[in-house]
Every structure is written in structure tokens, then in C-alpha cells.
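Per-chain residue numbering starts at 1, and chain names A, B, C, D, E and F are given in the order in which the chains are listed.
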Amino acid sequence: MKLGIQINEGPYQHQASDTAYLFTKAALEKGHEIFRVFFYHDGVNNGTRLTTPPQDDRNIVARWSELAEKYNLDLVICVAAAQRRGIVDPDEKKRHGKDADNIAPGFRISGLGQLIEAGIQCDRLVVFGD
Amino acid sequence: MKLGIQINEGPYQHQASDTAYLFTKAALEKGHEIFRVFFYHDGVNNGTRLTTPPQDDRNIVARWSELAEKYNLDLVICVAAAQRRGIVDPDEKKRHGKDADNIAPGFRISGLGQLIEAGIQCDRLVVFGD
Amino acid sequence: MLHTVNKSPFERNTLETCLQHAKDGSTILLIEDGVYAATEGTRFSDTIKKAMETKTVCALLPDLKARGMHEKVIEGIKLVDYAGFVDLVEQNERVQAWL
Amino acid sequence: MLHTVNKSPFERNTLETCLQHAKDGSTILLIEDGVYAATEGTRFSDTIKKAMETKTVCALLPDLKARGMHEKVIEGIKLVDYAGFVDLVEQNERVQAWL
Amino acid sequence: MSEEMMEEGGVVKKFMYVNRKAPIGSIYALESLEVVLIGAAFEQDVCMVFLDDGIYQIVKGMDTNDVEMKNFSPTYRALEMYDVERLYVSKEAMEERGLTTDDLVVDVEVMDASQIADLMEEQDVILSF
Amino acid sequence: MSEEMMEEGGVVKKFMYVNRKAPIGSIYALESLEVVLIGAAFEQDVCMVFLDDGIYQIVKGMDTNDVEMKNFSPTYRALEMYDVERLYVSKEAMEERGLTTDDLVVDVEVMDASQIADLMEEQDVILSF
């Protein structure tokens, strides 16, 4: 089956990103296709490479990046939500005159249309949030 | 009276930071002393300079920075919470080998002891969260 | 003692727990989504009216207005702005935020 | 149809609203803090047992174990892991997440 | 809408947006509305459902000046121009909050839980906020 | 503890940590515990109260392997070494969850709501999580 995943909360504060990750990994291991993972609301905060979690805990951002690389996942951060919360890629950095970007490897910033498209293209859309 | 403020949620997702800001401003305008504003949990996300909220909406990060400058406020971001969520100042950048920092003007990163100290030193500690 | 409640009573158990632990004579300030508890004609209106017999109930007017609820407030609830919120914190020796 | 519930029934009204809107024959999967509803001897145990008469109730075992609740599960609740969660999504034509 | 099942260039699916959270206190209402507006360009078969505290999103008379936030309440009235015309509210949610349709900024259809449950079963995609 | 009101180098205040949220599903429990541990170094008069779903923070048998999180449950047993010895749980919260003190990883005192209310009124600082 072709799956779309929506994540509404940032890393650590709520379990949503953890559950979404373990669900996505299980789906991939079963041979399902992940069409897209869409990060919305505080979910965009999963896409910053500036985190340094304690060494004895999971690294939520890094394992999304690794999963994306291994399975060629499309990890999309909503641009409007990202602007409110300070998640920036090189394009956004230039566009808004910022002096730094913080997007993690394997993530890209795009519009809400990408979520609607996932709804249209996928057999199922599964939402994780608070 | 001498006040300590604790903020547990990030900008925009929850109203906590808005309420804390308007409360803090009102207290300052009444002549009270704000000993410290302590950002904990997702509250640390109030301290990134990389946000670009819509022009017709309030800029939560910028107005904290402005309030800090006007009243010489002590805005403290919890270091442990910040590491989990990717809020980085130049020291943290160096310490963890990051390639960028994102802390906003007027904020500083420090330890949880600063919260306890606020509890000890202040007449009242007021907590805002979800 | 001042208790703040910032959650809708319909969504969470916060108000209920606050009322369980707020002593007679204490003050309860409804803020943010907590102000829905201050409105007339809801499933929780009687709960608040009962609490008002032994406690002072206040609500943050800016939050009521933001939600279009300022004309539905239960009579006797004291409305305050942010400056009034500061005054309540000053008048009470401690504050418990029921998050 | 698959309904997921990720909130504690003690804290929020999520489970209650889900049960109100889940038709007979549908499947309810309790995840995250929602798994507390799957445990025996609580104020909500009877609510779940009643729901089980007309619906299939499942719970995510990793979440039960993480909370130390895996030995308190109500008999008849189907326990699944993340792979089982994926199967439930596949077996049902649509998913509603009660957040 | 089954006669429109195949549009030029693609499928038309039934999308339902489920709103259960109060506005202002959190951003879910506002950002959900942003999805609906963007989604309108895709010409899908869309409806919105307001359950629980979600019905507070569409009450009249919101004035956000004193909380210094943008007031997005008028945007709900613009939904019609985006061809988002089917708005449903929960009868039970209205009743326990003492609200009537006169309190709302938009025209809605009131449905009880079993009607909403039926409607939900007809959807292809459900987005929850 | 009034005989200790003035410690060498500073004031001793009564601190209460109020825990009302379930663990794992959100980080409040873990980060609250981090405050208590750091706070211990300040030698204040500390107590912790577990209300509502907060009592789930201290139940036995938590195994977080399959959710791939760090298990911080054993840390509660270390609180004693930090001189955090007064832990109170809500009688009402225990009862509606069908829990007894045998289900908990630490020794606690069970109090009803009116006792907890009294205790709360004695505090100088209340930190809520």
C-alpha cells in the first residue's frame, strides 16, 4: 500500500514523532511504499540539524535523516509552519535575509499542497499529533 | 514585587508564550521587577532568531527580544531542553561542533539552577504552559 | 492562594482537579481556553456557580473577547485584564498553575 | 474503519468522542497515552468493555510496556506491535486519528 | 458528487477536515484553515466537521486585539468563495456548550454523532486537527 | 523544618513539584524530574506531589525498549539519595486508576484532595508540570 504520514508535533515534547517514526519504519520493512512524510504545526521542528540530545537517548532528528537516506524518503516540512517556528533551508535563508539555516539532511521545505497531494495519491493518510 | 516567569511551550503552537509576554509587560509597566524569564521544555523554541512569521501577525520572538532590551530582562533558555530541541548559542555551537547557531538577541542559555534560583529569589513564580 | 486554569473544561480534567484542590477562600483565575468555563448555559456553568459560593472566580477579559465569549459571562465572575492578573498574583502569596 | 486514540481518558475527552463517532464493526486502536484506557480496574474499564461488544479494540503493546501497563490489560483486547499497527491501517479503508 | 469522480488531470477524492480544538489557545484551528484554503485549489470533494471545542472556532464576535493576535475568524466566511460549502457541526457539542447556529459566523448543518459517523465512513481522506 | 529556615548562605524555601501528566506520551515527567535533581543541590525544603495521570510516572515495570526511549523510571528510586524524601500521591487519582502503593516504584504517602490542598497552601514556590 502507498502511505502518507502527517506529523503535527516536534521532537521529544510529545510522542507523536516517535510513534510516526516507528510506524513508518515498520511499514517500510513490510514492503509498503511511503509516498511522503509531511511535517506540520510544531512537527516542523523535527527537521533541525542543531539538536544534541543526551547520548543515552534516541536522536529523533538523526534517525529521520537516516531513514530518509536508506529508503529514499520524501520528508517535507511545511513552509508556512516553518517560517513561524524558525526552520530554514538555504533558499529560505536567502529569501528572508537570515544569517543561518538549520535544516537537517534529507528534509526539504515546501508548501501545504504537498500534504493535499499526499492525500490524493496515497491509499491511506495517517496523522500523528497531540 | 519581584517576579519569576516560567514558559513551557514554544511560540505560536500554544498561547502560553503570548500570555506570559502580555503578563510580563503588564507587570513591568506597573513597576514590578522581573527577576528572570525561564524558558523550559518547548519554551526554549521562543529563543530562535530564525522565525519569519506572517507580516500581519505578531512576531513572538522579536517582541521578547525588544522587551528584554527595553527593560534589561534576563531571558534564560534551559541548556538541556535546548540541546534536545536545537536552540544553540555560539558557545553551544562550538561545544557540540555545530555549523550554525540560532539564538535570538537578548536570550542566553544556562542551566536549570537558574530556575531554582528564581524560585528562591522571587516573591512569586508564575508558570505558563500547556 | 491563586489558582490559574488555562484549559477548556470540555477537553481536559484540569478545572475539575483545580476545584478539588482549591480551598475555600482561594481565588481561581480562568485564562486562555480556561475562559470557556466562565460562560453561561454550558454543561459546566453550574460547576462554576457552585465554586463561586466559596471561592472567588475571575476570568481574563482579553481571552474572553478573543474567543467571542465576553457577552456570555456568568454574572458575578470578576473580569480582569493583564494588569489585573498581575494584581491577583501580588495579592496572593502563592500561585499554582493547573496546566 | 480504523480509529486511533492517543490520549489518556482521564486527562481528555478524546476516547469519549471517538466512541461516540465509531460505528459498530469499526476498529479502535489505543496508542501512546491512550493505552491507559486498555487497563483493568480503572474508572474507564467498563466503558471499554462495553465498546468491545460492538467494536474491535486493540492496543499498542510497545506503549503498554513502556508504561508498565502490559500486565494489566483487559482480557479480549488485541495487542499489536508497530507492524500490527501497519496491518490495521492496511485492512481498513480509512483512518481517523482522534488527537 | 460521484459524477465528478474523474476530473481533468486527476482523481477527485472525498476529503474531510475534522476540527476538535478551541481556537486562540492553540494554533491548530488557524493552521487547519490554511490547509483547507490551499487544498481548495486541488478541486477535491471537501467538507469540514466541527466537533467538541472545534465549534468554538466559528463563533461570532471574536476580537483578538487585546491578545495581540491576528483575527482569522473572518476567513471562515470566505470559505464559500473557495467552494468549501459543506460545514457540519456536532449537535451534542453545540448543546453542551449552550450554543445555537445563531452564534456562528457561517451557515452550517447540524448533525448528531451517528450522522457524523456515517459521513466519516464515506470519506477517502480524513485530516485531523 | 522551620528551625532550618535560614541556611548557611541563603534562604530555605518550601518547594513543591506538582506532576499531573502521564510519562512517555510527553516529556513533562522526565524534564520535571531533571528540575528536581538539579534543585536538590540548592538544599531547599522539597516535596513532590503526583496527581491525576502524574501517578503513572511512578508505576513499576516500565520497559521502554520497544518505543526506543530511555527508561528514566529507575531515577525515581534515586531521589532519596538526593534528600528528596517527601513524595505524596493523590488518593482519588490512585482509586480511579485502580492502583495501590504496591504498584509504585517508590515509597509514597497517600493523601486525599483536602490534605494536598492544605499542603499546597504551606508552600513558598509551586512548580507545575
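The criterion applied here is as follows: contacts are C-beta pairs under 8 Å (C-beta built on N, C-alpha and C of every residue); 3 or more make two chains touch, one makes a residue touch a chain.
All figures in this text were calculated on a predicted structure; none of them were measured in a lab.
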| query | If we look at subunit D and subunit E, which chains touch each of them? | reply | A, C
| Distance from subunit F to subunit C - Cα centre to Cα centre, in angstrom | 26
| With chain centres defined as C-alpha means, what is the inter-centre distance between subunit E and subunit F in Å? | 41
| task | Report, in whole Å, the distance between the mean C-alpha point of subunit A and the mean C-alpha point of subunit C. | result | 38
| task | Could you list which residues of subunit C touch at least two other chains? | result | 6, 10-11, 13, 32-33, 62, 81, 94-95, 97, 99
| Residues of subunit E that touch two or more other chains: which are they? | 24-27, 52, 67, 69, 124-126, 128-129
| field | Overlap residues in subunit A, where contacts from two or more other chains coincide | value | 8, 12-13, 15, 22, 41, 54, 80, 84, 125, 127, 129-130
| said: Please list each pair of chains that are touching. | reply: A-B, A-D, A-E, A-F, B-C, B-E, B-F, C-D, C-E, C-F, D-E, D-F
| task | Provide the residue numbers of subunit A that touch subunit E in the complex, in ascending order. | result | 6, 8, 40-41, 80-81, 84, 111-113, 115-117, 119-120, 125, 127, 129
| For subunit E, which residues count as touching subunit C in their complex? | 21-26, 52-53, 56, 59-67, 69, 73, 96-98
| note | As the complex stands, subunit C meets subunit B at residues 6, 31-33, 62, 81-83, 85-87, 89-90, 94-95, 97, 99
| note | Residue set of subunit C touching subunit D in the complex reads 10-13
| request: Sort out for me which residues of subunit C touch subunit F in the complex. | output: 1, 13, 17, 20-23, 94-99
